[in-house]
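By letter and in written order, the chains are A, B, C, D and E; residue numbering begins at 1 in each of them.
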Amino acid sequence: MTLSIALTHRFADFTLDVAFDAPPGLTVLFGRSGSGKTTVVQAVAGLLTPLKGHIAIGEHTLLDTERGINLPAHRRRAGYVFQDARLFPHLTVQQNLTYARRFLRGRTPSTSLDEITDMLGIAPLLSRRPATLSGGEKARVALGRALLSEPDILLADEPLAALDAARKAEILPYFETLRDAGRIPILYVSHDMAEVARLATTLITLDAGRVTAQGPAADLLSDPAFHPAGPREAGALIEATIAAHESDGLTRLDAGGAPLFLPGLSQAPGTRLRLRIAAQDVMLARTRPTDSSALNILAGVVREIHQGDGPGAIVALDTQAGRVLARITKRSVAALDLAPGTACHAIVKSVAIAPESVAPGLAPGLSPGLMPTAKPFAPNA
Amino acid sequence: MTLSIALTHRFADFTLDVAFDAPPGLTVLFGRSGSGKTTVVQAVAGLLTPLKGHIAIGEHTLLDTERGINLPAHRRRAGYVFQDARLFPHLTVQQNLTYARRFLRGRTPSTSLDEITDMLGIAPLLSRRPATLSGGEKARVALGRALLSEPDILLADEPLAALDAARKAEILPYFETLRDAGRIPILYVSHDMAEVARLATTLITLDAGRVTAQGPAADLLSDPAFHPAGPREAGALIEATIAAHESDGLTRLDAGGAPLFLPGLSQAPGTRLRLRIAAQDVMLARTRPTDSSALNILAGVVREIHQGDGPGAIVALDTQAGRVLARITKRSVAALDLAPGTACHAIVKSVAIAPESVAPGLAPGLSPGLMPTAKPFAPNA
Amino acid sequence: MSWLSPDGLTALTLSLKVAGWATAIGLPLALAVAYALARLRFPGRGLLNIAVHMPLIMPPVVTGYLLLLGFGPQGPLGRVFHDVFGLTFAFRWTGAALAAGVMGFPFMVRAIRLSLEAVDPRLEQAAATLGAPRFQVFRTITLPMIVPGLLAGAVLAFAKGMGEFGATITFVSNIPGQTQTLPLAIDLALETPGGEGQALRLALLSLTIAAAALVLSEWLSRRVAARIAGQTTAKVEEAAQI
Amino acid sequence: MSWLSPDGLTALTLSLKVAGWATAIGLPLALAVAYALARLRFPGRGLLNIAVHMPLIMPPVVTGYLLLLGFGPQGPLGRVFHDVFGLTFAFRWTGAALAAGVMGFPFMVRAIRLSLEAVDPRLEQAAATLGAPRFQVFRTITLPMIVPGLLAGAVLAFAKGMGEFGATITFVSNIPGQTQTLPLAIDLALETPGGEGQALRLALLSLTIAAAALVLSEWLSRRVAARIAGQTTAKVEEAAQI
Amino acid sequence: RADEITIFAASSLKTALDTASKDFEEQTGHNLTLVYAGSSALARQIAQGAPADLFLSANPGWMDVLESENRLAPGTRRDLLSNQLVLISHDAGAPIALNDQTDLATLLGGGRLATALVDAVPAGIYAKAALQNLHLWDQAEPRLAQAKNVRAALALVQTGAAPLGITYATDAHAAGNSVHIRATFPAASHPPIIYPAAALANGNVAGARAFLAYLSTPPAQAAFTAEGFALLPAPGDT
């Protein structure tokens, strides 16, 4: 089910004018503070009626200002994780979590309270009231409450911003599972490029109330000229298949024939994965290094060099495994005498699991190893 | 002025029992959600009276439950950036920002409203009321309000959590300046290891209401066994002096005789800096690589190998430049036949400016280049 | 009870009944009106607001007189209630309760309205996104959050019901056992030369009852507030002592 | 004004003066008492709470009688006020204002207290960390946030002041031009054979004034709420229409 | 020299006293302030030192209280007016014979008999005495609607809330066609209905005396009789 959104709204000195589709999977709204992300989400949830607009999930119209359709919030079934937690202060944590359960109207619960509280680590808080929770605890309860509401669409406004790295790492796989199950569209607001790279199937970037880029996350991220959060966050996605689990704990992948090593994954050999290689983490060498700790070396040909204003450049390299980006200095470009067509080697320090892994969700064994920077333990040679 | 803290407090199912000193500079409280960070900060601000405790800034006692001293909050002059913004809803943004100005009691303002609003990008919001602000805008106003209060001590509870990378990059240098000016102790709560590495002079890690580690950030971060946020976040600090600004925009540093290249810094040659090298970003090779994009190669001797439970290991290497950590696989440890005493080379992909740069604060030219992951543009060879 | 005449005792039980019913029936109505005034925009909202305040602005005798005209045996509303619900107000304790309810109504509405206006609409929005229809939002979120206002309104109305005199005597006159509430008995005593002692005793009685209601409402209100603030039961108990 | 007798006009201006002063003087006192009840713990807090509610619980005549005993020419408090402040209440408009103020006091206290209890203490804490001493916190944070309660209290007290009858006539009698407020004039008109027309006219007058006060307070309250909600002036104006 | 004279008078005297006082003011140039309220309230206020010069009470009881407290100017108390008690009805009908055979229950037809408070307010006390005297009390008592005062009792009948009521002749008279006088209680069936007057010791006794004297003059008498009162002879006249 595709969520299609077209909105125009005006505040005193801010104008929102966006139109985009959120296809099945997880769509990240990415943009600076004040760019209009929350406003879009509120309109989808039915908490803000835009001046003009049309919002639909598949054929199901939620809002159409021209035809005078405006479904009230409670009939939109939008599970909304608010930027501010908005817990009900008079209810216990448990009552907050199960609040939506009495309004299921025949839906069968797909998750249990226990599952969610375990994942979020809030089981010990069930009898407490929100006023006694820490910031991060509130955020987790708010997330759990939305997840337990069996929504038709999930709206998450920076759900993990208040959480520590370890906690994020525990929760991210849940979003991946949800995304890969593909039952409901997920609109996810984030400031964090690592979260984007890890979760997004579709990426929408907003700036001052307008869409500046939109499309499949993989395509956008492989474009050397696209780095909405700065060149540091550039990085391409490649596809690979699990070849074997080796005895020292590493997993060998086959990326278009080239071997890639990752710390032990739990999926079965043959599983296809999508991986993210941050441009930052790629070094280039004209000859294949033989005596270094780098396990992952991909031979390739320079396709494009994107030179920025600063001392850096992003080099796009076509390898056996696919398009890889490398972020190096202009000095290195000159020293290595790189130009389109030059053959060279990409030395990859770390590789991360990217969104849309073809497997039916990430297995739990993997999750603790995945860190918020989306780089699992880096294999060296 | 050292802030010394010793507290015992008890909630229904949480006990806080901490004692630590926050020497001049910036002390980061680091710990998982619910570990007691906010509780400590509240006690320092005078918003929570602990069961037992002693808090003093130098000789100036704020709290001493034994002697019955408990300075009211308004006389502690603690500029507090709350985890939830807590803006005054009935006042405009400008009135919020200047609220503390009428209670200066003879203090001379050290910053102007213009300076702060420019830094935080909130100048266009001055006449608005908090209810109309976006999440990140609220966070910035709350930060500005505390900064403008001419505090005797600054308490910042995850002040940047709601902000995007670019905005964080603009604000971090301000904290560095404040820290380096050394006028007031800063207690800074953070979940973000990059922020810690960049800002902390002192680091306190909390877990379940207890201090699990404390000490100068540089020392803690150089310990291969210390990685409170997971081994991925390990990284050592080294010292270096600016040698020259080269013509292609890179700056050459001298680290104990070894050359290191960073993207153009603005400080004068001769300035001493402290740098962070993330263990993640270091590869090891037995022989010096000659034909790669890596500009920064340090020869050294393995001092210690810290093997974890997973497939990874952290190798501590003593080089000319000082102690460097490298995070590699156990397979690589075996393949390279590493053991304490082995000579090898550290190939450094990226280098970051670390806290306590000896220069009187970072020059503005640098700040936009510094990203929240604390890695300036990575030099390659 | 030697110091309390049997008439006094009858007046006391009657007063309790009258004030109790006036509060119990008035509260849901006041809630509806307060909700309408606080949240809805409709034609006649201003008039409703003025009407609610009328018993406060008018001398009680006028209110009583208007009640007599409207709800008396010959009054149109009185007939409707009699014919439709079999409910007679004239010269009965039900009429005294009506008078007490009407006189206490503005306070209930105000207290509830103040509480309603203090409810954070963002919480109601959150409930809506979780699938709660408007009425359920009201029942599960709004209502529990305005408990302090409901309690304040109830205690004001009850106190007023215990003290209401002018409208009551004008509307249902003074019939011992039927409409002779404590204030009427007190007034009667005061009209009689030398009746001050009896009046004082009755007044003290009235005060004691109302004070008990007050303490109860404070305690309940405190409990609710403490719950929201997340204090433990032990602390609540302590805080509730006055 | 042909339809309004000169006496009626006098009563009107007097009522305005009485209700106005009762509200103006009562409000700060009510604020202090509400603050004490809502925020402080002190011995006698429960008694104070009951005392505040007494004018509501007692029939107005009793309150008036107690005022007469306390603040009359021979009353101890009356003497103190007379000797110390040169202020006489007995049989003067000041006494009518006192009666109106006392009778309206419980509503003011309640309304303000409800608002006070709804103020988020975390905002007051934030102000304290910014260096604001307790009183300044109150002045700059608490007070602006309880404006709705103050306005509600004021309008209730004013309305009550316009309608107060029993305590007033018992305390300061019904002296034309001095203590004969509108409700007393209305009551007298009702006592007079054929006076219903005059009573009705006076009642309408009273209602008009109180309605005006009501509309004003609603408008102010709306403005404050809208400001906090951050609406633009245009929207406020629109919302204020009733 | 013009005097200020404050008169505390029972509310029921308002119409007549307003007329009489206007004439007096015109004739003498004195300034009268007329304060109307219930006798009990006025008596209490006088006892507490109210600035009144003359008190006109609707019953002797409260005057007695003031007299016993030495609040009255000696020698000024006199019985000023008298009144009659009547049975009135909402609906027109034939005159009713008042005696121990009168079937009040039937006449009331399930309705109530409006009176002023029978234990507190003079009109009610007189009504009770009369009913007892006529052996109608047992019948009447459970059917009473006791109003705050006689005007309120009248209102009950006027609005039809009560089919019958007992009021002063003066009130029934003033109510015009809205009520019907169906019987007058025999003067012997109740204590004489007396409105006493007295100057007050702490007031302007001379002024009070002057006005009191004026009330016995024919123009003043006319004002009272127009309202249905009977003027009692001044002590000096006898």
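One rule holds in what follows: contacts are C-beta pairs under 8 Å (C-beta built on N, C-alpha and C of every residue); 3 or more make two chains touch, one makes a residue touch a chain.
Computed from a predicted model, the values in this text were never measured in an experiment.
Trainee: Hey, what chains does subunit C share as contacts with subunit E?
Mentor: Touching subunit C as well as subunit E, we find D.
Trainee: What are the chains that subunit A and subunit D both touch?
Mentor: Both subunit A and subunit D are touched by B, C, going by the contact rule given at the top.
Trainee: Tell me, please, which chain's centre (mean of its C-alpha atoms) is farthest from the centre of subunit C?
Mentor: Chain centre farthest from subunit C's centre: B.
Trainee: Among all chains, whose Cα centre is located farthest from the one for subunit A?
Mentor: Measuring from the centre of subunit A, the most distant chain centre belongs to E.
Trainee: Express in whole angstrom the distance between the two chain centres, defined as the mean CA positions of subunit A and subunit B.
Mentor: Roughly 26 Å, centre to centre.
Trainee: So, what's the distance in Å between the C-alpha centres of subunit E and subunit B?
Mentor: 92
Trainee: State, to the nearest whole Å, the distance from the C-alpha centre of subunit C to the C-alpha centre of subunit D.
Mentor: That gives a centre separation of 20 Å.
Trainee: Tell me, which residues of subunit C touch at least two other chains?
Mentor: Residues 61, 65, 166, 187, 190 of subunit C each touch two or more of the other chains.
Trainee: Tell me, which residues of subunit B touch at least two other chains?
Mentor: Correct list: 12, 84, 128, 132.
Trainee: Where in subunit E do residues touch two or more other chains at once?
Mentor: Subunit E, residues with two or more chain partners: 155.
Trainee: According to the definition already given, which pairs of chains are in contact?
Mentor: Those chain pairs satisfying the definition are A-B, A-C, B-D, C-D, C-E, D-E.
Trainee: With touch defined as at the start, can you tell me which subunit A residues reach subunit C in the complex?
Mentor: Subunit A reaches subunit C through residues 45-47, 72-74, 76-80, 82, 84, 86, 88-90, 99-100, 102-105, 128-132, 145-146, 149, 155.
Trainee: Applying the document's contact rule, which stretches of subunit E touch subunit C when the two form their complex?
Mentor: The touching residues are 38, 40, 43, 61-62, 64-65, 111-112, 114, 117, 119-121, 144-148, 152-153, 155-156, 159-161.
Trainee: Which positions of subunit B touch subunit A when the two form their complex?
Mentor: 11-13, 31-34, 37-38, 83-84, 124, 128, 132, 134-137, 139-140, 157-158, 161-167, 191-193, 229-233, 248-250, 261, 263-264, 280-281, 283-287, 289, 291-295, 310-312, 326-332, 334-336, 347, 349-350, 369, 371, 373, 375, 377-381
Trainee: Which residues of subunit C touch subunit A once you look at their complex with the stated criterion?
Mentor: Going by the criterion above, the answer is residues 122-123, 125-134, 136-137, 140-141, 144-145, 224, 227-230.
Trainee: Mind listing the subunit C positions that touch subunit D in their complex?
Mentor: 45-46, 49-50, 53-54, 56-62, 65, 106-107, 110-111, 113-115, 117-118, 148-149, 152, 155-156, 159-160, 162-166, 182-183, 186-187, 190, 199, 203, 206-207, 210-211, 214-215, 218, 225, 242
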